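So, here come the structures, one by one.
One chain, chain A, links the two complexes that follow: it is found with chain B in the first and with chain C in the second.
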Partner chain A sequence: MGADTITRTNRVTALAPWLLVLPATMAVFALLAVPVGSTLAESFSNPLGVFENYRRFFASDYNRMVVLRSFWIAFATTAIALAAGFFAAYLIAGSGPRTKRILILLSVFPLLTGVVVRSFGWMVILGRNGILNNALIELGLINAPLSLLFNQGAVLVGMVYLFLPLMILSLVGVLETIDQDLYSAAESLGSSPFGVFRQVTFPLALPGMVVGSILVFTGSLATFVTPRLLGGERQMTLATLLHEKAIISFDWEAANTIATIMIVLTALSLVALGMLAKRLSPKGRA
Partner chain B sequence: MPSAAFLTRIAALALLSATAFTAHAQDRQLVISDWGYSNEFLIPNLFEPFEQEHDVKIVLETGNAPDRLNRLRIRGGVDLIYLTDVFSQQGIDSESFAPIDPALLSNFDDLYEPAKNPQGDYGPAVTFGQYGIIYDTAKVDETITSWEDLWRPEFSRAIAMPGFNTTSGPLTVLMAAKRVGVDAFQDPDAAFASMAELEPNILKTYNSGSELTNLFTTGEVYIGLVQDFAFPAIKAAIPTVEWAEVSEGNFRMMNTLNIAARSENVELAHAFIDWQLSQKAQKDGAVALRTGPVNKAVELSDEEAAQVIYGEEQVMGLQSSPYRDLLDNRADWETRWNAIFGQ
Partner chain C sequence: MQSNAVSLNDIVAHYGNSQVLHGLNMSVADGELVSLLGSSGCGKTTTLRLLAGFIRPSSGSIALSGRDVTGLPPYRRGIGIVFQNYALFPHLTVAQNVGFGLKQRQVAEPERGKRVAAMLERVGLSSFADRYPSALSGGQRQRVALARALVIDPPLLMLDEPLSNLDAKLRVDMRSEIRELQRANKRTAIYVTHDQEEAFSISDRVAIMDAGRIVQLDAPETLFTRPVNAFVARFVGFENLVPMIVVERDGDRVICEAAGGVRTTLSLAATGPVGDRFVIGARPEGLAIGAPSNSTIPGTIGVRTYLGRTYQYRIDTPAGPLVANGPFSQPLQQGEAVGIGFLADQCCILPMENN
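What follows is the complex of A and B.
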């Protein structure tokens, strides 16, 4: 083999990884970057001014309320999922291998069905003739069925149910890796159970909490089916408003503007959560 | 080496593009845009006979109205489009349609007056429908005889009505205005104050017929404001559901058929509109799809007629929808509506 051939082979070898990722990169560029880019560009293309679409959007009390509501629902969903998920994950992480496998399977089970089915399930449970109302009537606790659907409570229940598995999985991952000896050490040094939680479990679980919160928060901010089915027009969020503008009222300018606002808000939330995590984590403080 | 599956896929793709090419190569082609809901019936009964008669290939493009209208406007390549009147007015406003020449339509003179030129020189109405009140007679003691009955206190959270951005949603505002003796366009403050009084009775605003069917079948509501195309499914699930015969009359809804401004088959498109207006097509639609015929010459049996808007008296007895004014006031009304129903 001559030196020439070797150089050529080397060059091909050096190029190979790039060539291999090229098709996927092209696909991402063509199918993601270009459409998202044109959505962003379109929202700034009002002849009356670059930010005219945004001025118009935020001039409306209703739209501002929808933005705040979307944030509030995403925040509440994350907080509830974090609290509920932490206990579940703690229990799972601390159980034997067999029980652990069963519990994990049970907690991810909802992920096996589609989001529409899961939201419909809640309609069956919370409906006027639903399981919950019927049970309450059977037990004699109420006389007439309660109106449990199409309010914020229903949306939150549906969203927490939707995202809880993601939170649990993120938390189990980190809780499992905490060395049991740390607990023993803390206890033997006289720390109370709360002290152990505050000084050992919480700081070490923080990365998982942040990852879980990011997944749940951004997911809740963008989710469309659950607020649409369980909340309706009364519980309009940015995602359902975007759908309404694009598909029902034919106002693509507004739809592009909302899409851009959602992208920016999600990105800002990611940065904010990242900064928060950095401040809270033991390494960040050190 | 490429796998067998990969090669099969390539072969399938090649075949697919070859067929697409043949379809392209055919001389005459008419692209028709419709909702797609009833094409199972329409293809063998309406489209295929036209293809044979005129030696043309009909290509269907389906989807929801805004999507289809946008495709026609931006991308082109569509000859004819079926829309509800509100959407066809938007198409006209954006200069997306070509005017119609009634001289090319042999069935034009047989149409009911409201169907002839519902939107100026543009497409005629091809079906009539109605927007009114349906309710479960088993759950309502005192019959509903007026739109004003919707405000009765005993109907708290019992009603579903279409959302603002649907074709029929804003019509409810007109009845709210009538209830307090004002014109909704002259005095929107009073009209929406009346809507606010209705709010406690509205459980949910809906955007599609299937959504309303769900609300009825799950017992969430027992009164619905509805366009007639959604009625059969609800009636099938709950046999005690009936139309309320309201003293003010229901609203007349229309679907129109328009020719795209960019169509290069204007003459053939006229022929298709004429075909759609013919007695046979109109009767088929009335019997199989329960769309109200726009052709006066169509004869239906009593049983068939009971399912649709039919006959001079019924057609003329319906209130017409002032979609022109509705479109002009949409932004203002939407803000007012959201302040009441979006909280």
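What follows is the complex of A and C.
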């Protein structure tokens, strides 16, 4: 009887981990794998041919422009966030523990509010009767309000604002791990502060730059609210086009196709960035 | 006037509000190896960072080979530094690490490659030129760090606890290797360590530091036999410091009295001249344990510790507790009455300090 109890206990113990992950696995399967799978399947199920939906999509000049624009916006957002984020992160990583905490808190503060709220915030600032236009008119710098919204500039401003915290956090993470003595060593060997930055800080920060870029690039390729609110009809991206096809024109075939294209593009970008990272990243790191 | 390779004049330094160096003076002659020795927080690393230019003194001046460098940034001083954790660039190969300083000095290929190869040859790492630091052992990293600092032909080489991350055996080997490299190149060097044996074995002179000051800067032999005060004396192992007052001088012999009214006789031929009040310092092996007599300090054997070839005893005397070694062949028992004499030629005489 005693042996039997032990065996049963063992069996339950062995099964326990599987039982514990089951609910989450089922949820992921039901809520993610099934819908994504059916989206992929639908996009290839045009009776006129497997790739008919794609042929049709890419036949349109407008659609091709949207793809390029989405790519360009994601690329520009990443580049700007990288440049701006690097210096912020460098400053944060180099400051004392107390200042560091405060600065990190400040840089992630925007993440505490929703995307919609943050994009609306920019509408309030950039609108025809927005804060910026009013201020410029009050100062007498302009006579009539500028149209600052619904152009690519507005989208980029909103996107960079949206994703900068992610970039900063990725970079702080890697900059913090760089041994301060490496800077001292480089300086003692005759390297000017700029030389130290170029020859030590930059190459050692590359892994963080790649991680941050992947987060920002894929994020801005997929984001919908910001281009919708700040770009409007004239700055259609893949995400907003998908929304329009699905919700406004009920063209689910096109929506599925766009969704698949976005998934593929994101995956390809990930692979490309990964390869770039491998080529650029310092070898021999433990 | 011969200019010193290094001179520090009245250096005062602060970290935030706390003063860490209090008017430090030091000069190092050309080709000399001087160690800064002291416990952590004594200011030795601060001194090194000041010399390197990573921090600026609040007052005072620093000169290298007679040239004032107080206001120069680190990259204009040309000092070679070996860091405690080596600080090798993880993204560069061994050869690139060693060539880093030459590259900053615009030494072009193939000259740079030649000098790097020669340096790697000298530290025995030629076959590791294309490895990354992560693929090296501690001792090899140490050599790369040394090669990187030496290849730029620095007027001054500074080593910050360079051996503290190595195991005991390797430490001794590297120590002599460093010393040989330094001598062969007639390199002026400053060596920071908290390890007394290391400092004494490698240095021409040792600066013993305490609380932001250099207490004594002398050759190891001098420090070991003639410390200038109680701090240095304790540091180099004079565990027994007994204040004495001379009560009678009789030619070569003085009779002096310690606390508790106990008297002992010393021979001036061995101790050198003494003032009327002084402190005598003795290592445990500098005390002789014998039978009680009227020229020795009476005591009672306390705790006994086995040290291998000798026993060490804690002995209670009217002048305070003393620590003395006795032969292994004749162990003494706790509570035994003994007489303690000073082996004067092994003792040191210190001025009485007011405290």
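Keep in mind that, in the parts below, the second predicted complex is superposed on the first by the 271 of 286 C-alpha atoms of A that agree within 3 Å, B and C clash if a C-alpha of one lies under 4 Å from a C-alpha of the other, contacts with A are read in each partner's own complex, and residues count from 1 in each chain.
By definition in this document, a contact is a pair of C-beta atoms (placed from the backbone, for glycine too) under 8 Å apart; a residue touches a chain by one contact, two chains touch by 3 or more.
Keep in mind that this is a model prediction, so the values were computed, not measured.
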Open item on the list: After the overlay on chain A, what do you see for chain B versus chain C, clash or fit?
Closed with: fit
Open item on the list: Looking at A:248 after the superposition, I want to know if it touches chain B, chain C, both of them or none. Which is it: first, second, both, neither?
Closed with: first
Open item on the list: If we overlay the two complexes on their shared chain A, which of chain B and chain C does A:204 touch? Say first, second, both or neither.
Closed with: second
- [ ] Classify the contacts of A:128 with the two partner chains as first (chain B alone), second (chain C alone), both, or neither.
- [x] first
Task: Cα-centre angle that chain B and chain C span when viewed from chain A, reported as a multiple of 10 degrees - done: 160
Open item on the list: Output check: A:98 vs chain B and chain C. Expected answer is one of first, second, both, neither. What do you get?
Closed with: neither
TODO: Report for A:186: first if it touches chain B alone, second if chain C alone, otherwise both or neither.
DONE: second
Open item on the list: Tell me the contact category for A:279 with respect to chain B and chain C: first, second, both or neither.
Closed with: neither
Open item on the list: After superposing the two complexes on chain A, what is the shortest C-alpha distance between chain B and chain C, in Å?
Closed with: 46
TODO: Return the residues of chain A at which the contacts from chain B and from chain C coincide.
DONE: none
TODO: Under the touch definition given earlier, write down the residues of chain B that touch chain A in their complex.
DONE: 64-67, 69-70, 87, 90, 157, 163, 165-166, 203-207, 214, 218-220, 334-335, 338-339, 341-343
- [ ] Under the touch definition given earlier, write down the residues of chain A that touch chain C in their complex.
- [x] 179, 181-182, 184-192, 195, 199-200, 203-204, 282-286
Task: Residue ranges of chain C touching chain A (in the complex, touch as defined) - done: 52-54, 73-75, 77-81, 83-85, 87-93, 100-101, 104-105, 131-135, 148, 152
Open item on the list: List the residues on chain A that touch chain B in their complex, please.
Closed with: 60-62, 65-66, 123-124, 127-130, 147, 149-150, 232-234, 236, 244, 246-250, 252
